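Both of the next two complexes hold chain A, though its partner changes from chain B to chain C.
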Partner chain A sequence: MPTPRVILSEAMALEVGGKEPWPSDVKLYQPYEVEQILLPDNANCLATQAFLKMSKLQYTVEPRSNAEFMSPSGKVPFIQCGAFVVSELEPIVSFVASKGVSLTNDLDNGEKADMRAYMSLISNVLATAELFITWCDAQTYKQVTKPRYGSVFPWPLNHLLCWQKRSSVTKRLHVLGWANKTLDDVFHEVDQCCQALSERLGPKNYFFGDKPTELDALVFGHLFTVLTTPLPNNKLAATIRGYRTLVDLCKRIEHEYFELPTST
Partner chain B sequence: MSPSSMEVDVWAGKWDLPSVDQQCLQIMAYAKFCGAPIKVNVTNNPFWSPSGSLPVFRNGKDKITSFQSMVSYLDSKKYSADLKLTPLQKSECFAINKLLEGKLHPAILYTWWVDETNYIELTRPWYASVLPLPFNYYYPGRYERDAKVYIETMFLEDEDQSVIETHLLSDAEKCLTSLSVRLGDENYFFGKSPTSLDAIVYSYLAPLVKVPFQQCALQNHLKACPNLMAFVSRISRGYFPLVSDATKNINLEKVKEIELRNKRLRNAFSFLFALASMTGFALYNNIYQDARLSRRFATKLERIKDRWRGSPVSPDFFAPSFEEE
Partner chain C sequence: MGTVQAKEAPRNPIDISGLNNRRSENSPKADSKKNAPSNKQAQPTYPAAKFKTVRARVDKVNIEGLSRTKDDIIIESIQPLFSAGDFVEVLKQAHEIRERLVGLGCFNNVRIYIDTSSGKAATPDGLEVTFHVSEMRRLTGAINTLFGSNNEGSVALSMRLPNLMGRGERIQAECSYGNRRTSNYNFGFVKPLRGRSNAFFTTSVFQHFTEQPASGYKEIDRGLLFDLAFTSAPLVRHNLQWETTWRDLSVLNRTTAFEIREMSGPSLKGSLRHILSVDRRDQAIFPRSGTLWRITTEYAGIGGNVNFLKNEAQFQANIPLSNDVVFQATLHGGMLKSIGNTKPPSLCDHFFLGGPLSLRGFESRGVGPQAGRNALGASTYWAGGLHLYSPLPFIKPGGFADLFRAHLFLNAGNIGNFEFTDDYNHNLEVLGQNMRLAYGLGIAMKLGDIARVELNYCLPHMYQRTDAINKGLQFGIGFDFL
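== the complex of A and B ==
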């Protein structure tokens, strides 16, 4: 691309992004879904896709084997919109909001605060649990993570990069106090998280009434990915299946936003 | 086990705070809210703690360091501040707790330990002054390293310091705004009486209000939320009324006592060290050879040295030019 790219922090995105409408050639970069992507990345990519679909914004998915290394924050997914590159769900949400598109216009301030709290519940508990199972559970690491993560790199690199990624994830889990947890502790945390979510959802269609918000997108991204990813230890999915209303929410969002136009 | 044997070891308080540490404040405030008779020991010594940091909650042989496990432990002993909460409120409490952990905690860590001005002027001196002697050289550095690793793992490897700071602060400010909106005009988060959520929020906000940081943008943001400021002073006044007196009299006395003891220890150590090095120096340079009083000792030393050299022992030990002969 000849145009210079600008890497945007959230605050800057709010200032400069507002001038132009949403272009039609927005690209969403993510790793290859079939052979490469891992559980935590897949959850984040799906959540972002769900958010864009709920906002009725056009985008095309660009699978890249090195998407992680292209992203300005080192995390997938990221979107390229005109001259701007924005990564991760929260900055993307505020970037989209700067274009005048928002799913939360009908919410009052209290509800918005509430939504922020539940979103950080997901990214603190569920996302950390996904990282733990993917990288710290020996069986999953050997059978799933290592072959998949290394699949796109040639021989010495596949081992090296995998080892490097694993040590950085372990470091993160260590400072969060998760390193000494057992699998059962992790499942217990996930159970508490789902309990809290299902209490909040209640009998409603979406978390805040009849219209979906980015919280619904985030919940869908994580829960749907966990439910549909085959792992050697599938107790994580079993924990989530215990909450009927949450599973129904996932089905509803999938049916509403992902089934009709299958070719994205 | 009688409930009265429940104790908690904490960091000392200063600046009108019951304790300067967030984790300690959280446990102390919750103990007050649920009315559990817990004895608070200001130990300032994390050496015996299984997690390497304070607080440590003890009841007989049980040792607990995390807040959540302490809440459930107290629950099992029939002390709880959350009895009246509905499941939905409990879920909200859990979510807000995670919001604080994810957004406010990193910024507070940054303010205490990573921001260089605060660390050098405020954090390290305080921890060094309250920790007992050998530990004051170890723990401040260790906590600083831990905090730095925590912040590092959130960002790419060589991210610019100013980018990190802006990101952390803007997240934390949004979080404070959310809290302020959520609290509204209420006294406490769930109505008239405080719950575990109030203990958690208080523990995060009180140090931000009271500690005289050199650099803290968050402090200014917090001062712009009058309801949060009122919330903090309400709990301080209502549940820790003696703190301002206590920190002045009892606590300060105790801290002073510890400081005095440390000072004495330090003096004794430096005296012994100086004495030892002077004696060593003197022995090494044979100064005692000339000293009449220690003649016997010097002869012995000389004999040992001669044996070492392999030369015969001189009959006149004090002949100065023995080797030249």
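== the complex of A and C ==
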């Protein structure tokens, strides 16, 4: 049990540690990309990587089979920066901001609120849809999710842990009211979300003018992952492809920040 | 399964964890025909000179009080009685059979009556032995107090269906909660096997939860254990175990070192284990004489993703110096080797050293490699101790004072990921390098026949800068002390 004194000193350490500049040995932990990672996790990892690249912060990717279990919040990715371990995009954004680096300095308060609203739209709709397809669509679960998620565990843990994860995701979808949706409902939700995003983007290069923000990173992470991940049911990717400007945004960010050959 | 637990259950010779087999040390009390054994020794003594010449033959054995229990196991148990040739042998055999019957776990109480035989078939030297047994009820329950190896006390609720099919089979369920948030659930089936080796077969499903604040992690173990316990020679007890455990390690709090975090996550261990224990001590708590050997060998790599070979040995010798003063020497040691080029053994397989039950004068897990302030454990350790026990000075012995001992100790040990070579001298040098040593004195108290409580004043003498030392008073409660 941490005593109150310890908590206080931790908070002080965070304060003091936060003032130090970005070290060069920051590591980003995520599951293995080729054989293990799943659609929702990959989206979050890519979004975080895009954010770090946009902020011009150095990091190295450390693939670990137990990344999910190492993470303080149980979600990937997380970064290790000195003594600090921070997981998921939004906490990482505020951690980076505490080091004096921010992509939203030029935005006024109204735009910042807008950006947060769109970010939560993506986590509420796109991320949930990815979870739904990955864990609740029987075909995808059987053909993709189960073999990939279980690939790092020995029998019978692969079945057991997969089942455990599935029930926890299903429980979460129940809370969000998504559990009883059909695939078509989900595609419809995604379509509406993309509609809103493309309206906000308009003809601009990025959501807020010429410079990218964390919203661009998040959109890129999710859309690019969906577009490039082969699934038994590729209707999700098809829905997104209907929005040219969003696909172009993904290509632009990929070209600008990730010099990888594109597969779309 | 790291915990060795002792509990107050004298009629239960097999702990379901399979790690701890205490012989029931109670000497028979209700035996009217026997000379009362001197209460200082567990084994009954007989005025042999008087009886050895008395020829005797058992004509008849009666068992009274049987209802559910099947005849065949009883008949088999009492067979040796018919081969006895003199009266001393009859007494000895009767005593052994009583132990066996109690050990079956079917009876609350077994009493022996020996009489000269009468009737037509009676022979001149004939005896008639009668066992009065009272069978247990179909369902029993208990609340016990346990003392683990973690300096922790816990409360256990247990339920048992004894003598299920009439041959000593039982189903037992147990759960326990400790004051350091340890919890255990255990469900098992035990079956005594026939034959003279006093064998028991145990199957159990378990879940253990432990927190290790000194190492900054918590662990949930869920598993399946098959255990075969048998005796190969008097007092030589074997346990052959096959265990499959799903271990889930997770980080305890935010201050946990990253090295510990890296090892979190699930793993599956499938292992074969052999435990050999030779307990020639006169009693488990405050022994006066005799030795104890316990050698554990574990091979992990049968299924699962954990591969290692783990050897651990414990030795204890007790030498009475005078009537009351006992000198005790102990030596523990262990080695863990990974097999092949698989990933190294996990944190929870490592050895740890330090603490009131281990190396006194140091905090629990306070010795050895660390990350941040979390103990990482290591692959090799040794620890030894020299003790001197005497009754409390200035207090009249007998009664309450017999529960206490004054205790003078010197213990030393070392732990690390040592690299061994073929050079024997080099290896010894490695083991001795940076040795830790502490000495002190204190009071030890016996808590029933199940645990020992120690309050010591410790003076660490040799230690490393990174060690967590405990200078001054140290309190320990447990069963297996160094």
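Definition applied: the second predicted complex is superposed on the first by the 242 of 264 C-alpha atoms of A that agree within 3 Å, B and C clash if a C-alpha of one lies under 4 Å from a C-alpha of the other, contacts with A are read in each partner's own complex, and residues count from 1 in each chain.
To be clear about the criterion, a residue touches a chain if its C-beta (ideal position, glycine included) is under 8 Å from a C-beta of that chain, and two chains touch if they have at least 3 such contacts.
Quick caveat: nothing in here was measured; it's all calculated off a predicted structure.
Once the two complexes are overlaid through chain A, chain B and chain C fit side by side, free of any clash as defined at the top of the document. Contact with chain B, but none with chain C, is seen for A:Arg172 once the two complexes are overlaid on the shared chain.
With both structures placed on the common chain, the touch criterion links A:Glu254 to neither chain B nor chain C. In the superposition on chain A, no contact is made by A:Asp191 with either chain B or chain C.
Within the superposed three-chain model, A:Arg116 lies in touch with chain B and out of touch with chain C [touch as defined at top]. In the superposition on chain A, contact is made by A:Val85 with chain C only, not with chain B. Touched residues of chain A were counted for both chain B and chain C, and B has more of them.
Chain B and chain C, viewed from the C-alpha centre of chain A in the overlaid structures, lie at an angle of 80 degrees when rounded to the nearest 10.
Once both complexes are placed on a shared chain A, the shortest Cα to Cα gap between chain B and chain C comes to 10 Å. Chain A uses residues 10 to touch chain B in one structure and chain C in the other.
Residues 9-11, 73-74, 109-110, 112-114, 116-118, 120-121, 123-125, 168, 171-172, 175, 192-193, 195-197, 199-200, 202 of chain A touch chain B in their complex.
Chain contact summary for the complex, chain A toward chain C: residues 2, 6, 10, 64-66, 68-70, 72, 80, 85, 153-155, 157, 160-161. Of all residues in chain C, those touching chain A in their complex are 246, 249-251, 253-255, 258, 261-262, 264-266, 268, 303-305. The touching residues of chain B, when paired with chain A in their complex, are 87-88, 90-92, 94-96, 98-99, 101-103, 146, 149-150, 153-156, 163, 166-167, 170, 174-175, 177-179, 181-182, 184.
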